[in-house]
Every structure is written in C-alpha cells, then in structure tokens.
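What follows is a pair of complexes built around subunit A, which joins subunit B in one and subunit C in the other.
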Partner chain A sequence: MGKFYIDDQEVNFEPGQNVLQAALKAGINAPYFCYHEALGSAGACRMCTMELEPTKEGENSRLVVTCLQAAQDGQRYRLNKGIGDHVRQGVVEYYMTRHPHDCPVCDEAGDCQLQDMTILSHHTYRRFKGAKRTYMDQPMGPLIYNTANRCITCYRCTRFYQDYALGDDFGVYASGNRTTFRRSEEGHFDSPFSGNLIDVCPTGTFTDKVFRRKFSRTWQLEKNESICGHCSVGCHTEPGGRDNSLRRVHPFPNTKVNAHFICDRGRFGEHFSEANDRPLSAQINGVVVDNQKALDHIKDILTKSAGRIGILSSPDEDVSCHYALANIAEHFNGLFSPFVMPQTEDRTAAALALSRNTPSLTDIETADGAIIVGALTETAPMMDLAVRQLIKAGKTVHMLHASPTLLADIVRKQHPDQIHQAAPKNWAQIISSFDASHEAEEMGPNLFANLDTGKRIIILGVAVEMDIASMHALHDLCQAFENKQLTVQLGFALNGANATGSAMISAQYPSKQLLDAVRKKEIDTLMVCGADPFGFGAADWLPAREHIKQLIVFDNVNSPTLQIADVILPHATWSERRGISINYEGRIQGFNHAYQRAGTLTAVNLATALIGISANNFYEQQHNNIETLTGLNELHYNGCQCLNLHTQFEGRAEANQVSIDTNKDSVQVVRLTWHGGSNKASYATALASIKPWKDNIIYLHPDTAKRLQLNAETKLKLGNPTNANDNPINRSGMDQAFPIILNDNVAVDCLALTRTTLHHVGHLVNAIIPIDKLSIIAKEG
Partner chain B sequence: MYKLIQEIFGGFIVTLKHAFRPRDTIQYPEQRKARSERFRGRIVLTKDPDGQERCVSCYLCSSVCPVDCIDIQGTEDENERRYPAKFDINFSRCILCGLCEEACPTLAIQLTQDYEFCSTNREKLLYHKEDLLIDGTGKHPDYSFYHHAGVPIKGKAIGDNPDEQKPVDVYTNLP
Partner chain C sequence: MFTPDELTHLKQHVNHYPEPRAGAIYCLYAVQDKVGHINDKGIEIVTELTGLSKTQQEELISFYTLLRRRPIGRNVLRICDSISCHVMGSKAILDAAIKQTGVPIGEISKDGSVTVLPSICLGLCNKAPAALLNEMDEVENLNVHSINEYLNKLSEKPHDLNNKGSGSNIIATSGRENNS
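So, the complex of A and B:
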C-alpha cells in the first residue's frame, strides 16, 4: 500500500498494481484502449501515456505508458497538465486517419470507447488527406457482425478469445499496417463465449447482430441489473428493452459471481422472449381474451374443482413465482411442486446436500487443480470459462464425460491422458478408482500426486447427468483428498437457474406427491408454469394427460405443453419481472424488471387475482418465509448471502437411491446438448440456428457401432421405452429407426440423442436399454 | 397654456405623419412576407441524389431534441442499408429550434420555409414518416452519406469510395 500523484491528486495503490489500474480504481478519468481489468495490460495502444515528473534535479520528465508502469510510492504523473495530452491527441489522430466515417450507422456509437477517448483527447479534425485503409468484412454467423474497417488493433479481441477463453478459430491476420482480426474461415464462432467480443472491443468492429435489426441507442434503452435465468450460475446481466421488447443483454459486472463476462447462452438466449410464437395474450380454448377475463375464468375453474388441483412449476422459475403458486395451491386445497420429475428433484437435492464448501467462479479460477464430471460447458458455461483459466495457468484438470463437450476438447488437446470417457452407469465405479489414497497404478489414476499439501482442488459435477451413487462417490473422493492434506471444494452444476431455491421449497412440496396424485386420478385440473410435463424428456407425465380435464398453462415459450393447453396465460420473463433466485452456491440474488412488457402477468399478479393477496403482503410474507426456511436473519437480496447448503439439505442425499444396472450387455442413452440448448434458450431463434447437433440422429462411438454391428447403411430402432411404473409409453418416434453418425467424443456404450430426439422416442436421459431390445434395420434403397 | 396646446397638436402631427408612411403590417393571408433563408419551419425528411432515403436512423435528432418530440425505430433492409421503420414527429410539441437539423450527420432532416400547418386536432399534428418524407434532396443537393461511410451497401462495395484504398489482402505478407 503506497501512494502516488496524478496532477497533484493522491492515488492509493496495492503492491503489484500498475499506474493505470490504480488510477482507474481511484476514479480518475484516465484514457486507455487495450487495457482490460480481466485481460490485463498489453501496451498496444499507447493511449494511457502520461508524463512522469523527474525525481532528481537535472533529470528530464519522460513519457510512460502507464498500463505497463508498476506503481511506485511518491511518483508524480501529469495527465492533463503536461505534454501527455498532446501525445494522446496524436495517438487518436493516428487512429482516426483510418477509422471510417461510420458513427451514424455504427451500433457501438454511444457505447464506444473510441468516441469517448477521441473527445477526451480533444481531437476534432482529420488533417491527413490520404485514402483510408479498408478490409473486407467477414460474415461471422447469426450472432456477431463484423465491420473490419473500424478496428484500431488494440488486440483485446484475441487476448480475450485465444488467451482468456482458449478459442482457436479466431486470430490475428496479416502484419504491420495491415493487421486484422478474423476467423480462419467464414461462419459462426465455435466458442460459447464469443459474444464477449462485442463488449471487449472498444470500437464497433464486433457488434451484436441480433440487436442490429431492432437497434436503439444505449441511452434510449430501459435497463436494470437482472439475473440470468439460463443456468444455475445466476450471472448478473443488464438486459436493455424498449417499446415492449428486449433489445440486447449485457453483462453487469459484479465481483461475486461473473466479474466481467457472460456466455452466449445468457446474452443471446434471453432473446427467446422475442420469439414469434411466444404467447403474449391470454387464450381460452384457442380464443384470445383479455387477461382479466382469463383470470376470472381460471378462478371459476379452480373454485369448482377445489381439492383436485395440481400446480406445477419448474426450476427455471424463481422463488417468488414458486411461493405465489404454492399459495394459490394451498388456498384451493391443491398440491404444488416446483419439479416436474421426482428423479430430477432427488438428484438436485442430493447434489446440494453433497456439495462441500461450494466454489464460486473466482474460487474455480484460482484453484490448483480440478476434476470435472459431465458436460460442464453445456450445463453451466460460465463454470467452464472459470475452469479454462485453470487450464491456461497449466493446472491439472481431469475430466470424466459421456456426451461430447467443448471443455473435453480443450483438455484433450493439451493432455489426452486426463480425459476419461465412460457411460454414466460406470461413473460411480470410475470415480472411486480416482481415490487419491491409492498409490498403486492398477488401482486407477492417482490424481494430483504432484500437488503439495495445503493446495486447493475443485471438483465439479453435472447433477442432471449423474446418478446419486456417483455423486456420493465424488463426495467420498473429497474425503480421500482431504486425508492427503489437500483442500477440496465440491460443487454441482444444476439443471434450472433456480434449482437450489426449487429444491429448498420442494422439501415442503415434493413432486412425487403431485405425480402420484395425478396418476391416481385425484387431480383433474393442472396449472403448469414454466414447466413442460407433456413435452421434452418427461415420459412419466404423458400417460396422465388423459386424466387432466383442464390444463392451464402460464408460460413465456411456445412449449409442447402450451400447445395442448385449454387456458393459456402469458408469463413475464426474468428480465420483465421481479423475483429472487438462488444459484448453485446457495447465493440469494434478487432481481427487478429491466423493462416492462404490456399484457404479461407474473405469478404474484395471479395470486392477487385468484386469492386476493396484495403484492406488498405477499412480498412481506415471502421474506419471512425465506428467513424461516434458511435461518438467515436480516436477509438481503444483493447476492452477499449464501445458504448453508449442508444444513439446508441435510438428509436429502439418501433419498431414493435407485440401484444401477451395470449390465455389460446394455447401452445407455445420454443427452446430447450444447451451450445454447437450455430449456428456455432453445427458443431463441438466432442462437438456436447454430445448434451443432442434428435431430433424429443417433450419435455414437465407432467402437459401439462395431459392437452393435452398425454402419452407415443401417439404422437403429430403440425399442419401447417404459416409465418408472413399467408402463409402456406411446411416442411418435417409438417405431422409428434413426440413422447413426459416428463421433469419437461420445463414450463407448452410449447413444447420444438431442432433446428433440429424446422427446420423440420417449426415453429418459441416462435410460439403460438392453442390447436385445435394439433392432438394426437396413436403409432402404 | 401654450405648452398644453403644443402637446396636443404635436401628438396629432405624429399620428398624421404615420398615416402617410409605408405600412409595417401586411394583409396576411393575401399578402405574405419574404422569409429569411435560414427560416425554421415544418420539418421534412429528404432523400439523397440517388433517390434513396437519407435517414439512417442514428437517433441523434431524437436524442438532441430538447422537447423529446421525435420517436424513431431503426432497422435495416436486405441491402444492409439502414432506415427508420418508424419516424414520428409530434408537432404539437416541436418548438422548431432546429437542433435536429444541426445534429443530423446525413443531412436528412431539414427545416423548411413552411409554417402554415396548424390544426385544431392534436392527432393531426403527429406526423409519421410518410408525412415527413419528401421526394428530393432539400437544401443539400449533392450529399450522400453512404458515399463517405465505410460500410458497404448494395452497389457500393468496401473500397469503392473516392477516399478509400482497395481492401487489404490479409493472406499475404508481401509489401
């Protein structure tokens, strides 16, 4: 801790900080382009030049690039007073000789660092009369728009894309005066973090293509800090809306969760709210009515069938929504559940109960080693970005996975021996063999043998892909590492943004109770909010459809369930409403609407209309409820408080351990997903258009194909799926034979299927199919 | 007494003098006054010399407008040329200050000599794009923004502007 001076203003600094960093932290309006808090200094732009006053008599003052200058006690810099201003004006004038006359048609204008710096350095007229250098723009897919002329070669984009996010399909081309930044070939980016190029670029070289056709200047957007509702990490975002529509999503930097960046799912997936088929008006039996009429109608239905009512929410909805719906259910003497499937509920609760000292994203970034189980990139992309920082720092990262995942590709490139591919049914056994106490080679890989005592390792699992036995195996593994004097943090990526909050509430409202009641025909009116019980991957619910006389769906996507609903109510999205979400760490985060969309309702509106509870009373009640449930006094919603997951979910890891069939003569169905494939984000048209997997195709490892005697000329039929009660399920794809595609990244003995294919065939994720049930059919023609 | 008479008749004389002077008032609407070249009247949107809309919906006019009477929503056509899908000016609010014209980087929005557009109906004073857009270049007959901007549009590729070099070949390191 010392201090230096800029224009006689005192600036405090920590050891290791550079002058620019300390000045920015102190709130000084220091100019810069290439410096970025997360990416560090490059010294490429020369914009942060300041004049350093001489310390001894007889010396001259000199110009220094402050982002490369370590702060030293007692130094005196001149920012606006000395010749530094003149130098910076020259730097900007040089940049502007090449910069096109684009501001009126550039999406960056208003948000543009080049504009700010040009004004800050008082540059006004282009004196250079020569012609401007130009580049061809490169088509970069449906998400990002490239205008190469605008580049000022600050290198921030490659420093982010290659060095920070470890992407390899984008880089620097040509040299010297002709340097440019582009992909190796036309087309969309491979990285799930490519959207950050838009924010990282200080000019308009990379702009948001989704925003482009409904563009508004930044100051015209209604903005607010919100929480991303597309995975369990719960990053802080800043959606901007105008005129009843979402225009763009930016990250909202905060040090607790996502310090600077968000993934493409968070940025472009939120545009599901702009899908053409989004329900935006209430409907009764296909007839559009106004909201009040629909609410009156629902009140009638619920009053008439009181006692035979079920309300189903989903982990994609927030705590306030759950509470409001639970209140409605209790008022009409019905049942409520925040989970569709008991299986998912058990897994989520078990994962939370077994979490140990859950790592935050910063904890992951600064660990000394990691074990990843499952397709992490595809479940929680920001956790993957944190793990990439470990890989970049040369730390050991072991990975066990069944379906293809981008993180595995990155680990494989550097350490192919640290990748373990296996069917999920064998995971528990494999994880036990990782046991750090085993010294002998044949007992399995002795991980982290070279780590000194006291080092910290991170274990991350993907709850939706793991059975409870393998979660327990991971938990036991922690103990084994702790015996070796290593610090271990175990966390799970969950399915659903508010999975933790949902699991907390489900102790009181278990999903099994609701599902059983539906099966026993005790329920004839079902209200569904955000969930999709008759759609993707929820085979247990399908046979119950015929018992339900009135299906009320309250949602913001055109899901298969919504398509068969009797009454439809339009639901506001997370950016359009107020709520509370709890992320995988147990961090309690409140959010408020960024913009408003006329005609949509929230669950609290429903509670007000149906059971007459006022919004103020509701929020007060909810606050007290959460305080009682969590045991936290003085509850805040700013993300500072974390639940104690261990006490909160105590005893829920033992529930319903299904014995696993590790029979050798069977194959296992694994979910084939990608970073834009979450429940809601898959309705965002632009993002969904770059989905890498094809529907109605089975992806499998060449060895599996050899074993099943499959080749390009044959098709595979999966046989009749059954639900938990051994009832056969009728699905359109049941009798269909699917072509196969060989993929090395699918584990042996696994059949990887997309969500849509799973929906067609009716099989569950991780379903085990005996080989004799599969049939191989020759292709026609 | 003399002073009193002088004051009364003096007043009559002044009145008589003014009766034979040229009039300052004119017989509007039969007679109209010549307006200055810089007169700021009704706002129009002009087209460039090629007959294309000049407005690129950069939102500068609506941002600079002190009374917030301009509402725009920009979009882009299939030739990647930007245009306003919606351009509304509420003339019941507009104070004809001309800041929008000053801010317009494409010289699209211009104030004309016309000032006779009052109405007894406020609805009629909300001018939409079809009411504002004229078939002509207005005060600036030669300017076309896209001939200076770096972005390509249909018929003008990158490097076609007079002040641009041909695009760099990024796959060579030869000088």
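So, the complex of A and C:
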C-alpha cells in the first residue's frame, strides 16, 4: 500500500498494481484502449501515456506508458497538465487516419470507447489527406457482425479469444499497417464466449448482429440490472429493451459472480423472448382473448375443480413465481411442484446436500487444480470459462465425461492423459479410483499427489448427468483429499437457473406427490408454468397426459406442452419481471424488470387475480417465508448472502439411491447438448441456428459401433423405453430406426442423443438399454 | 507429403522445445521447401506436429513475409520499397514490373517465370533501388530499363526441374546437420 500523485491528486495503490490500474480504481478519468481489467496490459495503444515528473534535480520529465509502469510510492504524474495530453492527441489522430469516421451508421456510437477517448484527448480536426487502409469485412455467422475498417489494433479481441478463453479459430493476421483480426474461414465462432468480443472491442469492429436487426440507439434503451436465467450460475446481466421488445443483453459486471464476461447463451439465448412463435396473448381453446377474460375463465375452472388441481413449475422459473403458484395451489386445495421429474428433483437436492464449500467463479479461477465430471461447458458455460483460467495457468485439470464437451477438447489438446471417457454408469467406480488411498486399478491413481499440503482443488460435477452414487463418490473423494491436507471445494452445475431455490421449495412440495396424484387420476386440471411435461425430456409425464382434462399453460415459449393447451397465458421473461433466484452456490439474488412488455403477466399478477392477494402483501409474505426457510436474518437480495447448503439440504442425498447397473451387455443413453441448448435458449432463433448436432441421429464411439456391428449402411432402433414404474411408454420414435454418426468424443458403450431425439424415442437421460433390446436395420437402397 | 524420415526429424525438432508451438516455423518452412508454398495439407500436418490450429498458423504465415500461402513462379523477385529505394524511385520499378509481367504484384507472371513482391529494406541502400532474387542474388541499381531486361532474362531462362527455386531449403542442408 502506497500512494502516488496524478495532477497533484493523491492515488492509493496496492503492491503489484500498475499506475493506470490504480488511477482507474481511484476514479480518475484516465484514457486507455488496450488495457482491460481481466486481460491485463499490452502496451499496444500508447493511449495511457502520462508525463512522469523528475524526482531529482538535473533529471528531465519523461513520458511513461502507465499500464506497463508499476506504481511506486511518491511518484508524480501529469495527466492533463503536461505534454502527455499533446502526445495522446497525436495517438488518437493517428488511429483516426485509419478509422472510417462512420459514427452516424455505427452500432457502437454512443457506447464507443474510441469516441470517448477522441473527445477526451481533444482531437477535433482531421488533417490527414492520404488514402485510408481498407479491408473486406468477414462474415462471422449469425451472432457477430464484423466491420474490419473500424479496428484500431488494440489486440483486446485476440487477447480475450485466444489467451483468456483459449479459443483457436480467431486471430491476428499480418503486421504493421496491414494488421487485421479475423478467422481463417468465414462463418460463426466455435467458442461459447465469442459474444464478449462485442464488449472488449473499444470500437465498432465487432458488433451484436442480433441487436443490429432491431437496433436502437443505446441511450434510448430501457436497461436495468437483471439475472441471467439460462443456467445455475446466475450471472448478472443488463438487458436493454425498447417498445415492448428485448434488443440486446450486456454483462453487468459483479465481483461476486461474473466479474467481466457472460457466455453466448446468456447474451444471445435471452432473445428467445423475441421468437416469432412466442405466446404474447391469452387464448382459450385456440381463440385469442384478453388477459382478464382468460383469468376469469381460469378462476372459473379452478373453482369448479378445486381439490383436483395440480400446478407444475420448473427450475427455470424464479422463487417468487414458485411461491405465487404454490399460494394459488393451496388456495384451491391442489398440489404444487417446482420440478417436473422426481428424478431431477432428487439429483438436484442430492447435489446440493453433497456440495462442500461450494466454489464461486473466482474460487475456481484461483484454485490449484480441478476435477470436472460431465459436460460442464454445455451445462454452465461460465464455470467452464473459470476452469479455462486454471488450464491457462498450467494447473492440472482432470476431466471425466461421457458426451462430447468443448472443455474436454481443450484439456485433451494439452494433456490427453488427463481425459477420462466412460459411460456414466461406471463413474462412481472410476471416481473412487481417483484417490490412491482406495484400491485403484485402471485409472491413473492418486491425482494431485504432487500438490503441496494446503493447496486448494476444485471438484465440479454436472448434476443432471450423474447418478446419486457418483455424487457420493465425489463427496468421499473430497474427504480423501482433505486427509492429505488439501483444501477441497465441491460444487455442482445444476439443471435450471433457479434449481437451488426450486429444490429448497420442493421439500414442502415434492414432485413425486404431484406425479403420483396425476397417475392415480386424483388430478384432472393441470396448470403448467415454464415447464414442458409433455415435451422434451419428461418421459414420466407422457403416459399421464390422458388423465388431464383441463390443461392451462402459462409460458413464454411455444413448447410442445403449450401447443396442446386448452388455455394459454403469456408469461413475462426474467428480463421483464421482478423475482428472486438462488444460484448453485446458494447465493440469493433479486432482480427487477429491465423493460416493460405489455400484455404479459407474472405469477404474482395471477395470484392477485385468482386468489386476491395484493402484490405488496405477497412480497412481504414471501420475504418472511424465505427468512423462515433459510434461517437467514435480515435477508438481502443483492447477491451478498449465501444459503448454507449443507444444513438447508441435509438428509436429502439419501433419497432413491440408484443401484448401479454394471451389466456389461448394455449401452447407456447420454444427453448430447451444446452451450446454446438450454430449455429456453433453444427457442432463440439466431443462437439455435448454429447448433452443432443433428436431431434424429445417434452419435457413438467407433468402438461401440464395431461392437454393435453398425456401419454407414445400417440404422439403429432403440426399442421400447420404460419409465420408473416399468410402464411401457408409447412414442412416435419408438419404432423409428436412426442413422449413426461416429464421434471419438462419445464414451464407449454410450449412445449420445439430442434432446429432440430423446423426446422422440421417449428414453430418459442415462437410461440403460440391454443390447438385446436394440435392433439393427439395413438402410433402404 | 513427407517421408517417414523427414517426419521423424520434424517431430524430434518440435520435441526439443519446451513448447511444441515453438517448432511451428521450422515445420512450415519444411512444407514450403517441399511444395513451394504452404498448402492446406501442409497446415494439417503442422497441426498434428505442433497442436497449432489453422488460424494460429495463418497468423504466423501472414506475419512473416518469407512464409507464403500461395504458389509462386519459378523465381521470386523482391523489390525493395523502403525509404532509400523509395527516394531512388522504387515505385517506378514496381510499376514497370507490373507492366512487364502483365499481372498484379504477388501473382505469377503469365509464363510462370516469376512472382514479383515488394519487400522491406534489404540492406542494399548503397545500391538503391535494389531487389533480391530467390532470397539469394542481389539485383542492384535498377532502373525502368534494366528491370525490364532482367525480367526478360528470367522468362527466357529454361525451367530447371532440379533447381527448387527460392527458399533456404533448411531440411536438406543446415537443418539436418544441426539437429539430427
């Protein structure tokens, strides 16, 4: 800790900080381009030049690039007073000789660092009369728009893309005045974090192509801090909307969660709210009516069938939504569940109960080693970005996975021996073998044996892919490492943004109770909010469809369930409403609407209309409920408080221990997903257009194909799926034979299927199919 | 593309660096010596050897002027356009070369004899405007007349299949002696 001076203003600094960093922290309006808090200094732009005053007599003052100058006690800099200002003016004038001066038609204008810095450095008149260097713009897919001429070569984009996010399909070409930043081929980026190029670029070289199609000047957008509703990390975002529509999503940096960036799912997936087929008006039996009429109709239905009502929400909806719906269910003497599938509920609760000292994203970035189990990139992309910082720092990252995942590709490239591919049914056994104190056989035993005591390792699991036995194995592994004096943090990426909040509430409203009641025909009126029980990945519900006489769907996507609904109500998205979400760490985060969408309703509106509770009373009651449930006094919603997951979910890891099927003559179905493939983001048109997997295809390892005697000339039929109670399920894809595609990144003895394919065949994720049930069919022709 | 011996040699070379990517330029040179330029197949091989993606190799190739991604003629003539040659009239020399070959800078002349490229300072400022043929032979004190003559001479020279043309040919000479 020391202090230096800029234009006689005192600036405090921490050891290791550079002058620019300390000055920005102190709130000084210092100019810069290439410096970035997360990416560090490059010294490429010379924009942060200041004049350093001489310390001794006889010395001259000198110009210093402050982002490369370590802060030292007592130094005195001149920012606006000395010749630094003149130098910076020259630097900007030089950049502007290559810049096209196209601010009136540039999407960045108003949000542009180049504009700000040009004004700040007093460059006003253009003197350059020569020819400007020009480039062809490169088509970069449906998400990002490239205008290469605007570039000022600050290198922030490649520093982010290659050095920070470890991507390798975008880079810097040529040198000197010909330098340009592009991909080797036209087309979309491979990285799940490419959208951050839009933010790190200080000019309009990379702009948001989705925003471009419904552009609005930045100062005309309604913005507010919100929480991303697309995975359990719960990043802070800033959606901007105007005239009843979402225009763009920016990160809202928050040091507790996402310090700088967001993933493409959060940025482009939120545009599901703009899908052409989004339900935006109430309908009764296919006829559009106004919301009040639909609400009266629903009140009528619920009053008439009181006692036979079920309300189903999903972990993609927030706590306020759950509470409002639970209130409605109780009022009409019905049942409520925040989970569709008991299996998902059990896994989520078990994962939370078994978490130990759950790591935040910063904890992950700064750890000394990590074990990742499952397709992390495809479940919680921002956790993956944090793990990439570990890989970049040369820390050991071991990975166990069954379906293709981008993180495994990165680990494999550097350390193929740290990749373990296996079917999920064998995971529990493999995880136990990671520790030398167990009797290890096949796998590389004794991971992290070279780490000194006191070092910290992170274990991350993907709850939806793991059975409870393998979660326990991870928990036991923590103990084993702790016995070796290592600090261990265990966390799980959950399915659904508010999975933790839903699991908390489901203690009172278990999903099994609701599902059983439907099966026993005790419930014939079902209200569904945000869930898709008769659509993707909910095989248990499919046979129950015939027991439902009245189906009310309250949603913001055109899901298969919504398409068969009797009554439809338009639901506001997270960006359009107020709510509370609890992330995988147990962090309680409130959010408020960023913009207004006329015609949509929230669950609280429903509660007001149907059971007459006022919004104020509801929020007060909810606050008390959460306080009682969590045991937290003085509850805040700013993300500073975390639940104690261990006490909150104690005893919920024991439920339904799945026995492990080690039958060698079987194959296991694994989910094939990608970073834009979450429940809601799948409806975002632009993002969904770059989905890497094909539907109605079975992806498998060449060895599996050899074992099953499959080749390009044959197709595979999966046969009858059965649900938990061994009831046969009738699905359209049951008798359908699917062509195969070989993929080295699918584990042996696994069949990887997209969620649409799973929906067609009716199998559950991780279902085990005996080989004799499979049939091989020759392709026609 | 490479014989097993050559591949082993390249692997050894890459392995003697702590970071495999450090061996990329050597491998790219090897491809260039073999093919005359760096083609897609060569890039695939270098990816296998060093782990660098196509983009990362293109970054290198576009940065270093002696690595080339496109085919060249039987000869490559680099005409200096840095400051000394510029004041001595190198722009006129380049224009004359374009006229004489009938194709823009960087493309193969119609008879396949030469590719003309501009170059940064060759260190021949005392003999400006200067050029370098096939990275070896100095061409000095050029003027519009002499460049035409020189290019004519190149196109009359018969095509020698044994002469690999430009390039330092590192595998055949220094590379193998120093590293194996």
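Keep in mind that, in the parts below, the second predicted complex is superposed on the first by the 773 of 781 C-alpha atoms of A that agree within 3 Å, B and C clash if a C-alpha of one lies under 4 Å from a C-alpha of the other, contacts with A are read in each partner's own complex, and residues count from 1 in each chain.
Going forward, contacts are C-beta pairs under 8 Å (C-beta built on N, C-alpha and C of every residue); 3 or more make two chains touch, one makes a residue touch a chain.
This one's a predicted model, so the numbers in the text were calculated from it and none came from an experiment.
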Touched partner set for A:Tyr135, first subunit B, second subunit C, both or neither: first
Which of subunit B and subunit C A:Asp168 touches, first, second, both or neither: second
Subunit B versus subunit C as contact partner of A:Lys715, first or second or both or neither: neither
First (subunit B), second (subunit C), both or neither touched by A:Arg248: neither
Partner chain(s) touched by A:Arg183 [first = subunit B, second = subunit C, both, neither]: second
Contacts of A:Lys413 with subunit B and subunit C, given as first, second, both or neither: second
More subunit A residues in contact - subunit B or subunit C: B
First, second, both or neither for A:His101, with subunit B first and subunit C second: first
Subunit A positions touched by subunit B in one structure and by subunit C in the second: 173-175
Sites on subunit B touched by subunit A in the complex: 56-60, 62-63, 73-76, 82, 105-106, 145, 148-152, 158-159, 161, 163-173
Complex interface listing, subunit A residues touching subunit C: 162, 168-175, 183-185, 413-414
For the subunit C and subunit A complex, residues of the former touching the latter: 51-56, 58-59, 62-63
Contacting residues of subunit A [partner subunit B, same complex]: 100-105, 109, 131-137, 147, 149-150, 173-175, 178, 180, 182, 212-217, 219-220, 243
